[in-house]
Amino acid sequence: MEISLSEISKIIEGEIKGDPEKIISGIAPFENATPDEITFAGSAKFLKKINETRAGAVIVPIHFKETSKNIVQVDNPQVAFAKLLNTFYPPFKPKSGISSNADIGNNFSCGKEVYIAPFCVIQDNVILGDRVIIHPNVVIGNDVVIGNDVEIYPNVTVLERCRIGSHVKIHAGSVIGSDGFGFAHDGKTYHKIVHTGIVQIDDDVEIGAGNTIDRATFGKTWIQKGVKTDNLVHIAHNVTVGENTVLVAQVGISGSTTIGKNAVLAGQAGVSGHLKIGDHVTIGPQAGIAKSVPSGMVVSGSPEMPHKVWLKVQNIIPRLPELKKKLLELEKKLNSFEKNKKTEK
Amino acid sequence: MEISLSEISKIIEGEIKGDPEKIISGIAPFENATPDEITFAGSAKFLKKINETRAGAVIVPIHFKETSKNIVQVDNPQVAFAKLLNTFYPPFKPKSGISSNADIGNNFSCGKEVYIAPFCVIQDNVILGDRVIIHPNVVIGNDVVIGNDVEIYPNVTVLERCRIGSHVKIHAGSVIGSDGFGFAHDGKTYHKIVHTGIVQIDDDVEIGAGNTIDRATFGKTWIQKGVKTDNLVHIAHNVTVGENTVLVAQVGISGSTTIGKNAVLAGQAGVSGHLKIGDHVTIGPQAGIAKSVPSGMVVSGSPEMPHKVWLKVQNIIPRLPELKKKLLELEKKLNSFEKNKKTEK
Amino acid sequence: MEISLSEISKIIEGEIKGDPEKIISGIAPFENATPDEITFAGSAKFLKKINETRAGAVIVPIHFKETSKNIVQVDNPQVAFAKLLNTFYPPFKPKSGISSNADIGNNFSCGKEVYIAPFCVIQDNVILGDRVIIHPNVVIGNDVVIGNDVEIYPNVTVLERCRIGSHVKIHAGSVIGSDGFGFAHDGKTYHKIVHTGIVQIDDDVEIGAGNTIDRATFGKTWIQKGVKTDNLVHIAHNVTVGENTVLVAQVGISGSTTIGKNAVLAGQAGVSGHLKIGDHVTIGPQAGIAKSVPSGMVVSGSPEMPHKVWLKVQNIIPRLPELKKKLLELEKKLNSFEKNKKTEK
């Protein structure tokens, strides 16, 4: 693909300084870009060494201009780069159509340009929107409703009655709508609690590979608009994850917990059940959250504490042996004082 | 569905106070139940506000009666509620039969009313009991034996020779009988140790979604009667999990460890290999268990400690910076004492 | 199977002391072996009680001879035992051939003695080497290249363009080549960053069940020769895992981190992004690695510290309440000293 800098600037809504006729034939990271390629410098770190890149053009923040390079100034270089990547690497779309090797249930309804791969099972009363792509070996249960422009990767399971919005991606091997982990204990054995609810996934959500999202006991487990989950994330029954919240790999959320909007849970963090995590909360990696967290907080550690405290605590923990030693020395010293004192008397 | 309170009381073996002719048409949680619905109040918390629920009837503990509501007194309200949920929401059973789109191996034997969905692969010499439900895209390896009333959800893999009892559920995407993680190290590279054993899952077990349960090197990895596992649980080779033990989401059990009966391992806990965890042990969330735990203990933390100690420890950890400061002040004070003392002499 | 000790000694390249005509009909662990079976004693622990085993023969280290048992002396008894297990339990190979129930794309090329099971989907332009075994319900994406003697277990997904070497095993349910977790944030929502790269898996790698290995943003996520991963391991985009490194169950590696050769990461450990973990590093269970780790180090804890320090720290943590008490007592004592002092003056 060959495209002029002026065409690129239209796509990413930027301002060119340099040669608008410059032909760009690729896109690459800062360190690897060649003279035919465009890259981006989003932070001071990269802007400082902008003259070192071999790239033929660089996407930069709006007010940056101290360079002889061809630059395209934009509001957000990383977002512009993401957009341009789509131009150079348009997502592969399989040719629409339903494989004769797919098993389609009764009362199936779907929009236009839908693709259903071999060995998919679409059970009864399923509704798919336009331009839905269902990759091979996916199972969609009875009464599932899916919006437009959804892509479901291989070996995913979406169980009965779950609802998926538009512009959603679900990566390979994930399970949507498994039974919640709920049992009534009679003192000896556990009696299964039927899970009558569903999972609802709103628009613009991306679910990573190998996730497990349980259906609600009653009502819904709810993944709101714009949520992104990484791989191997577990979301229990009746959880709500608020808009544009990010769950990094191997995070686990226990039942009935509500996570606010625009939160970030770092990798391997775990949240106990029935908690309320506010909006714009950041939770550190491997944190263990046992109490609700008010909006705007940054917490870390297990149990969680304000991140600023954690920064100090994590410096002290490896020094505990030394502090213990000091404490025992002080004790000894003080005891000998006391002894001397008594002797003096 | 419409059913009288008196019929309900027969199902859950309860005693009615109030109107036995009251017609109930649904079942719902305490906060949401409408005048046509029944709910339950199992704990003091809910019993206290029993007159606030709009529910038409409430399942309560056997001796509770201080209310003008229609009540049904039972031994265990939560268990009764679980039972009644099954009446209102009977589990969906696909029509029995073997899909012409399933691939069935040689020497297949199965009981009555079995359902095998499209794109299942049942390899050779497999035996299934009565009323087994195999959902789509499940793979059952050679020589696997499965009991009665077992339900296996989509995209599950059960590998060769594993044995599954009766009344077992295995949720979507789980893997039963993958090779254990065993290699002989020659100082440079790792040589695979063939895993000759199996996984045995006893009656009344429920395995969550996305679990991985490895086969034994020799003998069996053994999930005993009544065990319940949540999602993304890992159980290594030669582990035994005792009767009615509960493993919450993302728990990992290392090789050759034995867990006793009626234990509870909370989410993201990890247990090292070759340990013995006793009966009725409770292990806290994210705990890291490096030593065997005697029966009846409640442990938390990483490394584990008695839970009562952990409750104190977790209060102290965020205060470490403050304690360190205090220690350094004491040291300073004591040093200045010493100095003064020397000056005095 | 019946085989003489002298034939066994040829297979494992050992030296017999005892009866070379002794017929062996099985192989078993030290505690369970019967007089017809062979076992091994690799460590002092087992060598000490060698006369207690009922085994008909024992594989021992090269210089060991203090026993009246039939022994076979070898360099590495565990490696010899692993080798011999392969003789008694040769891996089951399905009969080669491509199932008529598999869906094979255009431009497919494969070597000899390949097996492709029912309901596998092999997309376009896929190349397989010799003796490749693809178990049921596996999905192989467009342009994937796979070497010789590779075995891919059921329900695995290998996405487009990934490259897999020779002598590789990928266990059930794993996902190779899912999109990395990369989004550009515009202050409100997240814009997907197209992942143009691949996953490359080199020779002699074994990937456990339920793993998720993400493709690179650019270039490759790289699992080098001889790496072994346990179950439910997550490897993010652009990670490199060096030769013969071992990742135990539920480990998570964040994006762009490089792990050296011959490292061992114990269960549930997590490594942050953009770090460099050296060769021969050992990382303890549940460790949280936030900084790069030089070659040869043994680290534990979250945050990580030298393992020797951690051994002390983990003894102190449960004693924190006691140390705090002591500190407060010292403070009190010192304060009363001070008071007395003032009174004295």
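Letters A, B and C name the chains as they come in the text, with residue numbers starting at 1 for each one.
Quick note on the criterion: contacts are C-beta pairs under 8 Å (C-beta built on N, C-alpha and C of every residue); 3 or more make two chains touch, one makes a residue touch a chain.
Just so it is clear, the structure is predicted and the values come from calculations on it, not from any experiment.
Participant: Check every other chain and keep only those touching both chain B and chain C; list them.
Facilitator: A
Participant: Looking at chain A with chain B, do both copies bring the same residues to the contact (over half shared) or different ones?
Facilitator: Different; most numbers are used by only one of chain A and chain B.
Participant: Would you mind pulling out the distance in Å between where the CA atoms of chain A average out and where those of chain B do?
Facilitator: Roughly 26 Å, centre to centre.
Participant: Would you give the residues of chain A that are in contact with at least 2 other chains, written as numbers and ranges?
Facilitator: Counting only residues that touch two or more other chains, chain A contributes 119, 137, 155, 173, 210, 232, 250, 268, 286, 302, 317, 327, 330, 334, 337.
Participant: Could you please specify the touching residues of chain A with respect to chain B in the complex?
Facilitator: 103, 119, 121, 137, 139, 142, 155-157, 159-160, 173-175, 178-179, 181, 183-194, 196, 210-212, 214, 217-219, 232, 234, 236, 250, 252, 254, 268, 270, 272, 286, 288, 290, 301-303, 305, 309-310, 312-313, 316-317, 319, 323, 326-327, 330, 333-334, 337
Participant: Touching residues of chain C toward chain B in the complex: what are they?
Facilitator: Touch list, chain C to chain B: 28-29, 32, 75-76, 78-79, 81-83, 85-86, 89, 91-92, 99, 101, 117-119, 135-137, 153-155, 169, 171-173, 204, 206, 208-210, 226, 228, 230-232, 244, 246, 248-250, 267-268, 285-286, 302, 314, 317-318, 320-321, 324, 327, 330-331, 334, 337-338.
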